[in-house]
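Labels run A, B, C and D following the written order; every chain starts at residue 1.
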């Protein structure tokens, strides 16, 4: 696929359809891949990669890139296309300045996920069928791809591209996903268990803002948490309350707009399962106001921008079982 | 002497003077009625109203003033707006002094001095000018070129007219940006006025004002034949600690709060233009 | 040199925790290592490094500086500090141990930061030599020897034994305190292990990283390099690198209005954040390029310029693992190599 | 701070819309209906004005329970404001519950200008519920509590 992508990118640069390409650039190891803009065929040859570690979602970069001169070529994986649609709908990107090539994805992993599985000292990675063969400083290790994938890929919601100008390879289908399993499990817990669970997770937050800065739905010109008068601008959480507040407000602000791309959890240096907050909102919206997938198209209005006179009352929260 | 750098001392505002529509001068003493600390001209202090903010201000009174310290502050942000709204008797917190100050006892000694200021840029220079006026014998001729947007925006106008201009050996040249009723003096921007006045090349220059003024005045001075080693200025950047540790006021490897705020232009030209 | 069987590690911890706090690297809920206050039975993590560095023991992410009570026009200033307890940080790696001497150069330089100093005085650092360096390690480029860490006392771990050696007065006191569980050890297994690790070091992928192109005297050439634009292009402007870094020490001072007073606190800040240098009248570092450049210039140029050539990086590799877009000091160094003459 | 269990009196913040609920509270007053003084009313132009941040800030500053009152759905002075508010608060309260914050600490009630009795009854009932729950511990800011 990498070869096909480079070839196609070169053609599009050559025939003037686009003047630059945003893609993944190889690093020092097999897994440390950086998003980069390529301006020429030479640059593409020198560094463009597409492999199992190209997890970064480029949609958000397009907010700035699409405002620059000329058209940019972007390669989008299926889940990235949902964010892309959402941004198009919100007029945050200029669609006409972007040429989208959809590329297939079988799930993307990253160095940190491998390390959590106990594979350290990684010097090289090869893909052999359904497994990764990892060269390490301490010998060769093999791990099944299915075991090496992060949660967001194990519960992939769709392999179908919802926005593209052309496709490379076959398009997939919307998947039967089990992505709400963990949310349900939490809902079934007692209030105190949930509290302890979240305290355990959120107390690790260091307020690095990576989740916010990477999030394709967080595109405010000026974030409320960058407002000095909020008292908590961009800074460390000085109290457990502030850890909670930051994540509640952030999740709330993207509710109905979050496409569940999972970037927040991918980038969190403390491995906080932030997607569980977003998925709770998605699940609630589905249950209360009907099935809704943000980014599925560019027309449907977001659930928090509309209402129905027959909507459930907030008391629905007490009426459901458990405590 | 600084024992606890980050824990401030208490100060009381004993007098507030409206200098221009957006500049007020505040007189501050300690709770015991004495000066909170001693300083050298050009040094700064961190003033704060808890809950509102803390910021660095240059001390505009001369160290030769043994009774109190003064700060001329322009209203432009959160804290300064608060300061402008407060009344006499308000307590504030104060810590310092910070920075290197002007070399009044070394490089300036025995020299003819030329002060160039624009707008609120006079504030840090006022400390030096009054220091020199009090120790007149140690210094040569003093020339002051000061410009502002309008007559009303000339800080310390009364002191300039009544005291500075009355002093022997001090030449004061004032200018404002645009013609104004009641103004008989010079009209025009500071950089051009400096060129018109064509000051003596032997003078040591001390300059402070908005970045754009500094840029063009420095160019003008160089055209006249001044060397960068003759020209001093004082800088300001965002500061939190005041002691070179919080890491934000650096220009290249120099911290404005500790290595500055007074720099000579030949020192600045060795540093990145990131200010 | 003393030793102890790894099976008896819990006894060592129990003895060390007597009358004070003991912190060891332990795995958290997400499977990553972090320094955790030891309680009976807690196991030491097998990971090479903790997610966050050990700097927070001396320079915590947030700390109270001073409290104010306001009444009319009057202000009362209260120093909130109470006597802090002695503590031991166990299992600090060589890179983190070196970072303390870098932080000392900032916080203990005149005027001394008394908050930091007090913690330094109360803390004993027991380091642990590395036995399994990883691909992201490049401490040797900054002159750190992972087989011989600094610290008050140094530990070496072999297959089944832990060796411990005191290096300073505090270290001696620590060894004295836990002596009951130790037996005399012989240096040979330690030397053998050091030699084995020294064989691995040159094989690390970043073993050849060079600092020759950097230093205080290369300021303008590096600052003006056109390559900063491409390096910073995809930077998200988050603070991950800063917050996991053992040597990043920039901080912010802020006030919090509690409703019955004002708490002034200090917290970690990042030069990568957009408001870091923002003033009422503007911002000298307007785009991510300038902010990104500041972070690396500080470590590779400004810090050595002010500290006799010592770099502000210890090569721990945390930013390599944690940057969301995998941009890091190694890529910066490799790209800028040769930019200065 | 010592809190005597027996004497625990909760702090309740009630966001009331200007057109219905605030008038309802007024009516409760003029009709001399009793409800605890621990209820602090914050008047907002419309229930739709209530930002989720307001609710959290109320808890931070020491509220033990937060209630939002607005016009009955369909009766909003601005026609549709409370419909949007309803969706927002439903999702927010569900999230707070999900995070393990006691769900009884938050509440929405629609109170019209004519329902002074309902206002008083609602507040009495809410205060009672929150009193039973005790002090808000799970969404507190310790800095605001220590004296």
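Side notes on the structure shown:
Definition applied: a residue touches a chain if its C-beta (ideal position, glycine included) is under 8 Å from a C-beta of that chain, and two chains touch if they have at least 3 such contacts.
Every value quoted in this text rests on a predicted model; they were computed, and no experiment measured them.
Set against the Cα centre of chain C, the chain with the most distant centre is D. The centroid of the Cα atoms in chain B and the matching centroid in chain D are 53 Å apart. With centres defined as mean CA coordinates, chain D is found 36 Å away from chain A.
Chain A and chain C have CA centres that are 30 Å apart.
Counting partners per residue, chain B has 78 as the residues that reach two or more other chains. Within chain D, residues 143 each touch two or more of the remaining chains. Multi-chain contact residues of chain C (touching two or more other chains): 252, 256-257, 269. Chain pairs that touch one another, listed by label: A-C, A-D, B-C, C-D. Chain D contributes residues 61-62, 143-144, 146-147 to its touches with chain C in the complex. Of all residues in chain A, only 183, 186-187, 191-199, 224, 238-242, 244-245, 248-249, 251-252, 255, 277, 280-281, 284-285, 288-289, 303-304, 307-309, 311-318 touch chain D in the complex they form. Touching chain D in their complex are the following residues of chain C: 256, 258-260, 263.
In the complex of the two chains, the chain A residues touching chain C come out as 27-29, 31-37, 56, 61, 111-112, 115-116, 120-123, 136-138, 200-201, 204, 206-210, 212-214, 226, 228, 231, 233-238, 266-267, 269-272. Interface residues of chain B, counted against chain C in their complex, comprise 2, 4-10, 50-54, 76-78, 80, 87, 89-93, 236-238, 240-241, 243-250, 252-253, 270-272, 274-275.
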